[in-house]
Amino acid sequence: MDTKDRQEIEKIIDDRKKAHHALLLKNSEVYKTFLEVERKAFSIGALGKNHKELIALGISIAINCESCMEWHIHQALEAGATEREILETIEVGIEMGGGPATVSSRFALKALEYHTQEKP
Amino acid sequence: MDTKDRQEIEKIIDDRKKAHHALLLKNSEVYKTFLEVERKAFSIGALGKNHKELIALGISIAINCESCMEWHIHQALEAGATEREILETIEVGIEMGGGPATVSSRFALKALEYHTQEKP
Amino acid sequence: MDTKDRQEIEKIIDDRKKAHHALLLKNSEVYKTFLEVERKAFSIGALGKNHKELIALGISIAINCESCMEWHIHQALEAGATEREILETIEVGIEMGGGPATVSSRFALKALEYHTQEKP
Amino acid sequence: MDTKDRQEIEKIIDDRKKAHHALLLKNSEVYKTFLEVERKAFSIGALGKNHKELIALGISIAINCESCMEWHIHQALEAGATEREILETIEVGIEMGGGPATVSSRFALKALEYHTQEKP
Amino acid sequence: MDTKDRQEIEKIIDDRKKAHHALLLKNSEVYKTFLEVERKAFSIGALGKNHKELIALGISIAINCESCMEWHIHQALEAGATEREILETIEVGIEMGGGPATVSSRFALKALEYHTQEKP
Amino acid sequence: MDTKDRQEIEKIIDDRKKAHHALLLKNSEVYKTFLEVERKAFSIGALGKNHKELIALGISIAINCESCMEWHIHQALEAGATEREILETIEVGIEMGGGPATVSSRFALKALEYHTQEKP
């Protein structure tokens, strides 16, 4: 994997952590409660966590949110989604998003590579 | 179900059919090929058609595309998705779309009611 | 005020209530927790509720969410915002949204008229 | 043409006029200056008005702004654009917007029919 | 503050200046008139400049426009807005934008830090 | 032209190529068929390729898709569009997208400079 791409992804992960702590530190009640929304939205129900994460991934591709793609790909893999399932989610994203979604898919493929390859 | 809501949904279905025929009649090669994209994106693969339709539904809620919601709810139900799974997809949509997604969810609930109730 | 416009606004208000009850009835924990997010985001802090509602109105205009406009105009007025302040919020929306925001502003003006005129 | 579709389009045209006058009446300097932006953006330059209007139509389809579609289709036709050119603009819109743009295209086809048929 | 983050923000500021001069140099009448729209939209009226800038910030968060966030945070601070008010605007943005707005908020927090800390 | 800007544009071009090959390698039928949609949408018809590319550029500016801007500017120039025509497309984009489109226009101007200057 390209060093620049790896750094870009690791910056996203790092930024997420920093902002998470900053918002908790600043006592944002809205953020804290939103974390509850998140926890509940992705907990296992009639749909498994894997499929819920893939739904969120599809949305992330359609709206081109790179940090969201990285997060939901990671979560989906952790919940047992396969590379093929993620690729098919990207395909649904392309159907729903057209040309600009093919741009989003580039980042999604990088994030997929990042989270599936051996860490040094 | 409210008569006005029913009429609104049936107008969407009718409009879709009419435009479909008009674009075919006008020989839109782009549209015809896009239908192929659609067919392939939602055909069974590693993910079942039901889960692919729910991904598309999640996207539809996030971008507030009412016709898309109606279509993908119908397709999801036909492919075996349950009401509870559709509700959980709406919930992921709310997590990803915030307040405006609660607005989208209203239409999704109507379309769900329309496609699950007995037809007269 | 035009009867059709009035009916359109009252349908939005009615739809919101129905979906609110349906989601509570279906025991959507995500929705319930999101209501907490909402309550906290708009409660008085360093910014008054009026200014918070105007921020949400600006967003609603930029993304063309009619139900959101109706709701936040109503809430802003209840919190003491004036018609002039709402108009200036629409103006910021036009700067941030260009031509399509002038379309959104039409609905905002109707909702403003609806909520400021005498009810029969 | 379907009566309901005709009424929907005429409501859009009517709403545009009313809001135009209301914003002028309320002395919105932002709106007035924005009208200047609009006039300049669509005046003849290296690109003819017809092609500029088609660019705006493409954007309108991608973001699903119905009033914008109606307006720019009307303006494009007035500036000499043909039905075929408008159809090809819709096709570019579908490439750039995917499935949801096929929904937008339905309204665009109606507006095209409205503005090209004999008025009674 | 992280060097990379600082550089990213300074690149945005630099890019804005360069494009501003390029568009003026190329004699874009549309751009020049749009600057008038901007000036009028944010001038003091019934709402103070601070509140108008916070409305624009809320919109910027919801649509994830980083340059817009940087600009309106800077302008809001210059017009007397406090850090707490900016945080509460971010919170309204999260309510209106869901998960993807928590991503936007990361950049907003960086821009806030950039504009409130001592310059070397 | 700024080295950093040049590198940013070349990264986009490189990323596009890599993802193109990756999706073909992974046998994405959806992607392959979408390439057909693309080819047909931009082939010469009643509208020349140049004008179709400018329509897509306008959309790219309105939705702030940088890779799309770079691509469609390149394609438009190859199809004979002039710098002035691209500038006027940016102007239509500003009318349709407001302040955030002035941000998009910065990248468009860089991509224009990149594709019109002598290559070393």
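Order as written gives the chain letters A, B, C, D, E and F; numbering starts at 1 within each chain.
The definition used in the following text is that a residue touches a chain if its C-beta (ideal position, glycine included) is under 8 Å from a C-beta of that chain, and two chains touch if they have at least 3 such contacts.
Just so we're clear, the structure is a prediction, and the values are computed from it rather than from any experiment.
Enquirer: State the pair with the higher C-beta contact count; candidates are C-F and A-E.
Expert: A-E
Enquirer: From the centre of chain B, which other chain's Cα mean sits the farthest off?
Expert: E
Enquirer: Indicate the whole-number Å distance between the mean C-alpha point of chain A and the mean C-alpha point of chain F.
Expert: Using C-alpha averages as centres, the distance is 26 Å.
Enquirer: Measuring centre to centre with CA averages, how many angstrom lie between chain B and chain E?
Expert: 36
Enquirer: Chain A to chain C: how many Å between their CA centres?
Expert: Roughly 30 Å, centre to centre.
Enquirer: If you look at chain B, which of its residues touch at least two other chains?
Expert: 30, 34, 37-38, 40-41, 56, 60, 63, 68, 87, 91, 94-100
Enquirer: Quick check: in the complex, which residue numbers of chain E touch chain C?
Expert: 37-38, 40-42, 45-47, 51-52, 54-60, 62-63, 68, 82, 84-85, 87-89, 91-97
Enquirer: If you look only at chain F, which of its residues touch chain A in the complex?
Expert: 11, 15-16, 18-19, 22-23, 26, 28, 30-31, 34, 38, 56, 60, 63, 65, 67-68
Enquirer: Residue numbers of chain F touching chain E in their complex, please.
Expert: Residues 4, 64, 87, 90-91, 94-95, 98-100, 102-103, 105-106, 109 of chain F touch chain E in their complex.
Enquirer: Show which residues of chain D lie in contact with chain A when the two form their complex.
Expert: 94-101
Enquirer: Mind listing the chain F positions that touch chain B in their complex?
Expert: Answer in residue numbers: 29-30, 33-34, 36-37, 40-41.
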